[in-house]
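Chain nomenclature is as follows: A, B, C and D, assigned in order of appearance, with residue numbering initiated at 1 for each chain independently.
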Amino acid sequence: MSSVFLNDLFWTIAERGRALLDLEPAGRSDAQEPAALAEALLASTGEASMIALALQLNNRFAALDPAGRRTFFRALVDRFGPDRARLAQAIEHYQARGDDAAALALHAAAEPRRQELIRRLNLAPGGTAALVQMRAELLAQLEQEPALAGLDQDFRHLFSSWFNRGFLVMRRIDWQTTAAVLAKIIRHEAVHAIDDWDDLRRRIEPPDRRCYAFFHPALVDEPLIFLQVALTQGLPSAIGPILAEERMPIAPHSADTAVFYSISNCQKGLRGVSFGSFLIKQVIDELRRDLPELKTFATLSPLPGLRRWLAEVQAAGELPFDADPAVLAKLEGKDWPRHEATSAALKEQLLPLAAHYLLEAKTPNGQPRDPVARFHLGNGARLERLNWLADRSPRGLAEGCGLMVNYLYAIKDIERNHEAYAKDGKIAAASPVLKLQRAAR
Amino acid sequence: MSSVFLNDLFWTIAERGRALLDLEPAGRSDAQEPAALAEALLASTGEASMIALALQLNNRFAALDPAGRRTFFRALVDRFGPDRARLAQAIEHYQARGDDAAALALHAAAEPRRQELIRRLNLAPGGTAALVQMRAELLAQLEQEPALAGLDQDFRHLFSSWFNRGFLVMRRIDWQTTAAVLAKIIRHEAVHAIDDWDDLRRRIEPPDRRCYAFFHPALVDEPLIFLQVALTQGLPSAIGPILAEERMPIAPHSADTAVFYSISNCQKGLRGVSFGSFLIKQVIDELRRDLPELKTFATLSPLPGLRRWLAEVQAAGELPFDADPAVLAKLEGKDWPRHEATSAALKEQLLPLAAHYLLEAKTPNGQPRDPVARFHLGNGARLERLNWLADRSPRGLAEGCGLMVNYLYAIKDIERNHEAYAKDGKIAAASPVLKLQRAAR
Amino acid sequence: MSSVFLNDLFWTIAERGRALLDLEPAGRSDAQEPAALAEALLASTGEASMIALALQLNNRFAALDPAGRRTFFRALVDRFGPDRARLAQAIEHYQARGDDAAALALHAAAEPRRQELIRRLNLAPGGTAALVQMRAELLAQLEQEPALAGLDQDFRHLFSSWFNRGFLVMRRIDWQTTAAVLAKIIRHEAVHAIDDWDDLRRRIEPPDRRCYAFFHPALVDEPLIFLQVALTQGLPSAIGPILAEERMPIAPHSADTAVFYSISNCQKGLRGVSFGSFLIKQVIDELRRDLPELKTFATLSPLPGLRRWLAEVQAAGELPFDADPAVLAKLEGKDWPRHEATSAALKEQLLPLAAHYLLEAKTPNGQPRDPVARFHLGNGARLERLNWLADRSPRGLAEGCGLMVNYLYAIKDIERNHEAYAKDGKIAAASPVLKLQRAAR
Amino acid sequence: MSSVFLNDLFWTIAERGRALLDLEPAGRSDAQEPAALAEALLASTGEASMIALALQLNNRFAALDPAGRRTFFRALVDRFGPDRARLAQAIEHYQARGDDAAALALHAAAEPRRQELIRRLNLAPGGTAALVQMRAELLAQLEQEPALAGLDQDFRHLFSSWFNRGFLVMRRIDWQTTAAVLAKIIRHEAVHAIDDWDDLRRRIEPPDRRCYAFFHPALVDEPLIFLQVALTQGLPSAIGPILAEERMPIAPHSADTAVFYSISNCQKGLRGVSFGSFLIKQVIDELRRDLPELKTFATLSPLPGLRRWLAEVQAAGELPFDADPAVLAKLEGKDWPRHEATSAALKEQLLPLAAHYLLEAKTPNGQPRDPVARFHLGNGARLERLNWLADRSPRGLAEGCGLMVNYLYAIKDIERNHEAYAKDGKIAAASPVLKLQRAAR
């Protein structure tokens, strides 16, 4: 590809932030194996040829089928690891000299060659987006192909540096946002699906609704993560009224509570590079400045793993305390939320069970089993309240027995909660939640 | 510092891009050694405390005097290198296992701990700017303290990743630019000093002038590098008419040539992280799109090292060919440019000498001795023309004997020139320049 | 005041960074007749009280039901006309003095007092929007209440001044436009209805589609009028392919034709204040600059009045030339476009009839009877081509017998065409269209 | 056409993305008298030709010398007044019919034809700017040529409508503002001259300084009026400390007072179209929202007419109360502010005199004689405090004897003060000021 074409392209993309499609004269890049292109890219010395090769390789990859991609990933693992000879020499040199310079040389020699390859791929126009896409593909294949894990570590290491919190920009999402961005909000909402543009509008336009997202300068118009907020009077105990179609908005300045009712990641390829905690905290700051009347910052969150955990402990005969399987069996029915007696019986059983689940059920490495709990407790939030029949949607009933949790972000406690949790695994919880669990025991 | 204050601050800065000043209650951070803060930062687990400590350390550093900074740099070199015990273990493990995972562990173990420290300092609001400033200070001390070189390598490694070309944004600088940015343009112009705002205006407002700069999202309002362009009819042979106060601008669409007459870096702390080549090429693309009438893209550049080289070869008795020292001696006078005969005699001697200097004079490692030549030839430009009495300013006479060069960026040849230069050290030059040199020989 | 209007107002003001300073003491505006408020507003001397009263009156009006509004309009006509006594005096004075100053005083005295009232209402935050809304209401009532015509003239006079072409800003509408604006584009499209956001996206996002709108600074996010453009190779003869869901976009630079296939006004309250001609011409300029490859600028337009005209002349027994009523009767069927023979027979009849309709059918005051023809011919376009079965939509068949017209905007002829049309009523038409008509005759 | 004007025009158009389509055939405009062009413009029917003629006439006017311009202005007065025949007919018709429609027709007939001409000139690109410029020229000639007053009234009438408060946009001016705008702030500061860019920076960049301006959408980058504000602790009694080069800024949130120390109009051509009152009030709103800690909004203003008034009343032997001419004579000296005794003696005399001047000295039509007092009292401010030796600049001493005034904008009193002033000429003043005057009497 001539440098002219390349540079024009560069400009176009930088300016318009659009995707690359069918960039190359057909048949040309096909002639070369992606892995051979990768070698050429690593061997290249000039910036212009680097950019050209990087673009070519990104496009070549995008045109591959899944099998071709897997072959390429394997080649990266097999042939683009560290240079063994150089590494052996560097070890020898370090052991002879023992100084920091030798250690640094050793550090360099031990670096897998594919890290430099990934850095160079990032030089191409649209390179960052292409690499995030490439890792999404890699993650999809990783389950069948655990040998690719090393490559994933390289991606994650570099992405952590590139998506450094200092490079992220928070923007408000509202009805003044461009359609290009809003279309992605609709697509990526992961907690309470957005049905269509009218549903979206109800969530971002009324004066008592807020939505914020992080963006990265190299991913134009691509939200990385977004948080939906409802401004309310008092802490809400159910999601229904928040999402209701017919609803009278309240004046923002009359609200005392900001409820984070949904947080969604948009980029599969950035898994493990965390921004959620930063986003929540920055949103809290923003809201406090705008609306000094707000006193409470809390979530209204699902318990996505409750039902499955319940099934497992039941199956294993490990139901805590004297929970009644006969009552729990009624969860199988579809209409129990409408039967008052059944519902009341279930409530009596499930509230303590849910408290136990959140406080005591752990993953093998000792963390809370519920992923949402893990996230918010890790951020320094407090387990504040359990809400009965708070989410009557099919998914809410199927996964969380209709229960929802409020996690409280109490500004003055966040850091202390976080430290206690990080160091000692201690979960901050309000006394009614603790009582629920204790009473049951 | 409370997380509240911290976060508020975060917001303020993210939003306004301003500098931090006197953030902390006096007397508090003084209590702790910077190096102890650094240890605490590396030991920290929570994001909030990391940010708080990073901010504290950045501010603590900013408040140190040069001696205090040197002490801190030394501590980073001495106490924040790789963890030797862990490294020894990793070597052992790698030698036992020999697989890629072990190599990656070795890679990680050999990394100086200060790299992670620098990454964490980057989490603070304004962190990137503080680190660029810190490295500028380091570079200033490096000459007296070569032992700091390892630390500098860490900075450079991380900056190369963070200031990746894909994260840079090119913006036009003109009379519509904010004063905050323009004040920095005035300050950093390195080739032909900008006297004041009126001088600046003459360079960026007329329709036949352009100026472009690269910016990075984490350094708000801080140009990294900028390029000044004059649109002309024909290739100019002197800088005077370009900078003249009284000048009739031409219509942009009547120009056939874009002359790059000044390129300046703004961030000392980013030395060695190169963007100049990218900037020139992106400006060429931009100009071609806007003004398809442009046929020639070239520089009008100084020869900053000519006079010193001349002095050296004369002193060493190594004047090439039969150059006449008696004539050259007249360069000592101040008024020779006004004496026609002297000037003519000098011209006859100096043009071949300058051609020789540009084509043959090399640094110890074989690159062109002239730094400007090195830059443009490395970019794939061609040595196009030598211009006699092209810069009559005191500096132009003192450093380059009044000579200037046009380097030509011929789009179709850039890549080939670059390759020939990078691989074989071959300099692309127009035949008149080659003739000048050959004739003399 | 409905909460909707209130919220809109709230937002408008919040957006501009204004705070209303206790402008409306509770309970006060309800107590007062709108007409009394209007008198108070005209009597007011201070800016602050003017703004407060203007806002009060605008809100008071918005809260009225249609009958209340009509009462208010009547009061404006009856009680806010010119001051008769002052006018009589001014006439006397003018007749005595006869100079320009006396004429100017007469001019002022003859101005209906409601013009100043409308000017003052415009001082309130959101005033312009409220007045445009007020006139929309007035136009709706005008048919039943012709006595309100004088008031409408006042509105129109002032709006012509405020919506002066020099104050309009053209903006491109694309997928980067805010949802707030796009929602209005969907709502106001008047020619080929936009079904939903996906349909909208197909019209504004592909590289071979353009959309432009005029905005006024006092009506934030309110497009006044917008024009949809398709870039094509050759002049299209049917609307179907342009609006097709499955369609392969072409590269913009490969297009030679820009087709204006829809132009819609958004503000009923601005009826009679024309921007369409300016918009088309500015779009032509913009497109020529961006895409110099474009050679042809033309519309693909409906004939909304053809079928009705046909019915009328048939009913009146005035079918031109020997058109065959038996054939025309087949238009009543629904499926005729699918029957080849019927369709062919109709085509033979209808093409000449349509040519006749466009060229000869006039309104009582001598203008072309077809409103779309009137608009484009008035702009200086030429009647270029009739297209058979170009719009098979129910509306296209019902109103225009499936026919569409291309009006050609030939830059070099626009002014001449316009002059000929404006002065002599002469319609510029391509010879095939003229032939169609002549042949028939 | 001067190249300056041409370039401005060029830029204006380029900025808005417009291209002029062969609007002015070379050589044509020179051939025609401006007045003949004006006739052609009024006779024109098509929009395209209107725009072309309007542009031609604007350019033609810009190229005229002052004498040529005066000739054109005279022609507008003499030949573009109302159509007398039509007016006579309209009077007759009105007297016959007596209805509102006839009155409206009379209104239209009495309108000078040049109003429509001015409206049409506004259609040209850059038309509004050209017309504002034209009126500035007219105002300059008006003194020698009072017969042009009628034309000026037409301009003023139309400008009042076009520069309606609802169309103005307030923007903050700070170091983030473009150089294009800031250069105009420097040029137009009328109260305390801005020496250079450094002086400007001191006034707009520190956190305890604010500056706001009104802009109109048709005058790109042209501030109409701007207000400079200092945030202080307590009401300042001298201008020196506010403008001092060496000054420690205070934190904005620690300020309790916002001081308006300078307000300047930028457009001579908009004289008599007032925005100052609106600007001050909108700035108060903005500041209250941003900085709720602010309790006091006041000016620190000069008394530009004090010294001249003193001279007049002395000359006329009308010095109020027993003021001592011998003491006042010391004002002639230059150094009196440094002599304690003289200064004290002057203070005793001048404070009561200044109070008297502000409260009692009137123009022939009964308004306060001091123009600054007239402006702020008319806005509803209160005469709060007289400050001795508050402005020691040569101009301050020469015009105002070194005195300055604080006018207080007390939000809850503004409207009442204004009404009392507007209706009864009653000046709101703090009791110390009243006492000063009474004591003296």
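By definition in this document, contacts are C-beta pairs under 8 Å (C-beta built on N, C-alpha and C of every residue); 3 or more make two chains touch, one makes a residue touch a chain.
On a predicted model such as this, the values are computed, not experimentally measured, just so you know.
S.K.: Could you tell me which chains are in contact with chain B and with chain D alike?
M.R.: Touches both chain B and chain D: nothing.
S.K.: Looking at where chain A touches chain B, is over half of the residue numbers used by both copies, so same, or under half, so different?
M.R.: same
S.K.: Between chain A and chain C, tell me the centre distance in angstrom, where each centre is the average of that chain's C-alpha atoms.
M.R.: Result: the chain centres lie 48 Å from each other.
S.K.: Roughly how far is chain A from chain B, going centre to centre by Cα mean, in whole Å?
M.R.: About 38 Å, centre to centre.
S.K.: Averaging over Cα atoms per chain, report the distance between chain B and chain C in Å.
M.R.: Their C-alpha centroids are separated by 57 Å.
S.K.: What's the distance between the Cα centroids of chain C and chain D, rounded to whole Å?
M.R.: Result: the chain centres lie 38 Å from each other.
S.K.: Provide the list of chain A residues touching at least two other chains, using ranges where the numbers run on.
M.R.: none
S.K.: Taking all chains into account, which pairs touch?
M.R.: Every pair of chains meeting the touch criterion: A-B, A-C, B-D, C-D.
S.K.: Considering the complex alone, what residue numbers of chain B touch chain D?
M.R.: 175-180, 182-183, 196-197, 200-201, 207, 221, 248-249
S.K.: Please output the residues of chain D touching chain C within their complex, sorted ascending.
M.R.: 16-19, 21, 45-49, 77, 81-82, 84, 87, 91, 94-95, 100-101, 103-104, 106-107, 110-112, 119, 122-125, 127-128, 150, 153, 158, 161-162, 164-167, 169-170, 217-218, 277-278, 281-282, 285-286, 288-289, 379-380, 411, 414-415, 418-419, 422-423
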